[in-house]
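Next, two complexes with chain A in common: one pairs it with chain B, the other with chain C.
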Partner chain A sequence: MANKSVWSDNRFWQRSAAWVTGFAAILLIWLTFDTSGQISMGSDADLKNGVTKRVPGPTVINYKITYEMDTKRGHEVPVIGAKEKFFGRDDYSEKEAGDLLHLGKLGSQAKNCMDCHTLLGNGAYYAPDLTKAWLDPAWESTGSMQAMTGKNTKEEAMAEFLQFPSKYPTHARMMPNLGITAAEAKGLVAFLKHMSSIDTNGFPRNFGKIQGALNGK
Partner chain B sequence: MASNHLKWESKQLATWYFTFAAIIFGAQLLFGLVAAIQYVMPGFLFEIVDFSIARILHINALVVWMVFAMIGSVYWLLPDETGIETVGIKIGKLLFWVFAAAIVVVVLVYLLVQVGPADETTIWFITEGREYIEAPRWADIGIVVVVLGFIGNLYATGMKGKPTGIVTVLMADMLAFAGIYLAGMFFTDNITVDQFWWWWVIHLWVEATWEVFVGAIAAYGLIKMIGAHRQVVEMWLWIEVAMLFGSGILGMGHHYFWIGTPEYWWEIGALFSALEPLPLVAMFIHVLYDWGKQQGAAQQRGEEASVITNKPAFTWFVLQAFGNFLGAGVWGFFHTLPQVNLYTHGTQFTSAHGHLAFFGAYATILIGMMYVAIQGSNGIKVLKHTKSSIAAAWMITGGVMGMTVSLTIAGYVDVIVTRAQMGATWAGYFDGHSGMWMTQAMDWRLIMGTVTFLGFLFLIKDFLSTGKNAVHTR
Partner chain C sequence: MFEPFTDIVPSFFGWLNQGPLTLTIFLHSFIVLPMFWIYKQEKNRLENEK
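Moving on, here comes the complex of A and B:
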């Protein structure tokens, strides 16, 4: 009788499965170390020295953020510009800004934001994506949302809406009242502003650039 | 579900798990219907059971019933595979009640408390607010303890009895399945880090460890239901493990395109996730091949009857083989390349894929295992189809397929209007979602969801009555 081929040998396939799995797992772990270094949060010093981090430090709320085409990378990236007032101040310390972000991130989970909205594109699809919500034209001084809340700044308009969403209905599909306090709303807006500064490799594409496509502006 | 036909306590425990799973399956569909109605009539239960709450219950019930049915499946097959009673069965029974009670508390808190203040107490006792794994931290710890107890039983039994290839795969796979859950049990202010590890749980469950799990269950089913040869089936199983883990582990890169992670995940995610459908094709071919082979061999022996000893279960196993390929493979590949995913990420397209993949890959085979348990509990030699079992298979499969097609159309509108045309803003989102194609798709989704739910009622009717039906060969 001829020797049994290795290709029909269960032990061979068992060992192959173990090797393939082990190799893939080791590669994933190695990449995880590399990625973890690149996505750790930056510091206030990074922002002051113009060091670009994929996830900037919490004091990014002291600066103006825009979303601009980077011709070298071929897509939009968040650009951190000059100082900008956030709830009347542009001198939040690392501790103060960190506390605000902490409160906002906790709030985003405690209110189940992700089960209607998407954050960084993940979550539910019942409400708009919040990845770059801070940069949404609707909240600018000429935007419909800021006008509706009667506030003079983007952050105050967003905080007002978050506290009393059903007071400002825009569509039949409304955001419910989630018992968000004034302090929590401020934290949530800081969380949104911080999230808009994260380098998401150009997602979402063309954000806020095509305002007039349907309105003929 | 006491039964005189079950001589193994392990199988009795399995029927408890299947029963609880079937109840939670019903809850999943019910809250899915609530959410589907809200897409069509946004005022429905507004500020009573909001969409977010209905959806949490819809997707958490999904995960819970599947985990229960998975544990049940393992307790069911362990005595058959190892030849001995499950070690630590008393602990297993105690853990069942702990697990079930914890789930009931978690669900009641989701439903009645819903949200909490922005502090750690909410994370510990109400919700963690992270899609699929919203369960509060206390429940996380409880789940880990219960699952470790289950794995302890599995290992003790596998090492004391005969560790077949199927049991060996399950032992390795279940340990990974539980270990990965730990990656989802921490809080961080950094949303990118948060989602990076969150995918370790979600992706490595549904695109790696759960897939290997269903591979092992399919192998067991083929041996039990059509008398396939163990050596052939187990060789296939090892090849599938190599292909599934070889593509699935690094396929995780397709979730790291846009969450703040580096660009190299584009290439890694695209390459490996494009390979993910291959093992699913292989699994489909394998099931049909073994079926044809066994039936052909029987015909050569002059036997004309079907080789299948459990028609409804085998129907669901075949539906799994095809549904896994179609829902996870084809619908997944549609939007896995970064050039496409830039526009489809976070749209109704994802929802279409999610529905068909979870149903095709997992719901089907777990329903099949419930039929296997019904056959065993009633001492039936050949379990045949009834009108209800056929109606259930058609209506559930047709309903989910209908929802998937509706959501795919909704997905195209979302991609083209919300994303490509309007640039994903607040206004763009509502332009996309108020369009006629979107609203009609959502109407159809609700209709097809209702069909699915009616099919589920037929399924339950069959579960409760088929055991006593005279059509079966005893």
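Moving on, here comes the complex of A and C:
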């Protein structure tokens, strides 16, 4: 009988398949735990002790967040700075801040923000990407959005806009009035502020270079 | 080939993923190389059977 080739031998393929499947299964389980560690939310203690987390704790709303170029990583990263007042306070407890974020998250789901906007890569591109909306200079004291709402702080301007979007013509596509209450608007702004502090590896790409946006022309 | 680790949260996969294709090359090598070993074992077995 002629030499039987290994390639036509069942056992070789069985063992190879078992190895590839088994290894891939172990790898996926490992990756799942690795990802859980990467995306788990930090705590108030982490913020106070300068422990960097991809997703900072809810009390990050007590701090100033900036978006700065990291030359080593090749993209901008959110930097958590000194204390900053948010709706007149910079001493939100972990519970208060967490409740506020929770209200904002539920609000964003109830009002279907993702029907038009993108949040952390999920949603639509009909309206502006909100992942880093808090860092948009248009909402700063020198920005057009804050000037239009006539408010003195970024958070108040955003909350005002969210409650009465049809009063403020902005985009070629105007935001409809969704009946957002003052409390919900506060939660939504907190939710957006926290989202902007999440390290998204530079996503959305070139946010800082969009015309009229951060570091833009 | 090896670049300093700059990711925000240290992780084995993050370390492997710092350069272009490093994670892909590592995982593919790790999966394919043992298959040579399986091949040799099966070849020996078939030769001994004869």
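The criterion applied here is as follows: the second predicted complex is superposed on the first by the 177 of 217 C-alpha atoms of A that agree within 3 Å, B and C clash if a C-alpha of one lies under 4 Å from a C-alpha of the other, contacts with A are read in each partner's own complex, and residues count from 1 in each chain.
Going forward, contacts are C-beta pairs under 8 Å (C-beta built on N, C-alpha and C of every residue); 3 or more make two chains touch, one makes a residue touch a chain.
It should be emphasised that the depicted structure is a prediction, and the values quoted were computed from it without experimental measurement.
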{"item": "Chain B versus chain C as contact partner of A:L101, first or second or both or neither", "value": "first"}
{"item": "Partner chain in contact with A:T52 - chain B first, chain C second, else both or neither", "value": "second"}
{"item": "Which of chain B and chain C A:V20 touches, first, second, both or neither", "value": "both"}
{"item": "Which partner, chain B or chain C, touches more chain A residues", "value": "B"}
{"item": "Touching partner for A:Q38 - first (chain B), second (chain C), both, neither", "value": "both"}
{"item": "Which of chain B and chain C A:D199 touches, first, second, both or neither", "value": "both"}
{"item": "Partner chain in contact with A:E160 - chain B first, chain C second, else both or neither", "value": "neither"}
{"item": "Doubly contacted residues of chain A, that is, touched by chain B and again by chain C", "value": "16, 20, 24, 27, 31, 34, 38, 54, 199"}
{"item": "Touching residues on chain B, where the partner in the complex is chain A", "value": "35, 38-39, 42-43, 46-47, 50-53, 55-56, 114-120, 122-123, 126-131, 134, 165, 168, 187-196, 198, 231, 234-235, 238-239, 241-242, 245-246, 249-250, 252, 255-266, 268, 342-343, 345-348, 350-351, 414, 419-431, 433-434"}
{"item": "Residue numbers on chain A that touch chain B, as the complex places them", "value": "8, 10, 13-14, 16-17, 20-21, 24-25, 27-28, 31-32, 34-36, 38-41, 54-55, 58, 98, 101-116, 118-129, 131-133, 136-139, 144-145, 166, 170-174, 176-179, 181, 184, 187-188, 191, 195, 198-211, 213-214"}
{"item": "List of chain C residues in touch with chain A within their complex", "value": "4, 6-9, 11-14, 27, 30-31, 34-35, 38-39, 42-43, 45-46, 50"}
{"item": "Residues on chain A engaged by chain C in the complex (per definition of touch)", "value": "1, 3-4, 6, 9, 11-12, 15-16, 19-20, 23-24, 27, 31, 34, 37-38, 52-54, 70, 72-73, 77, 199"}
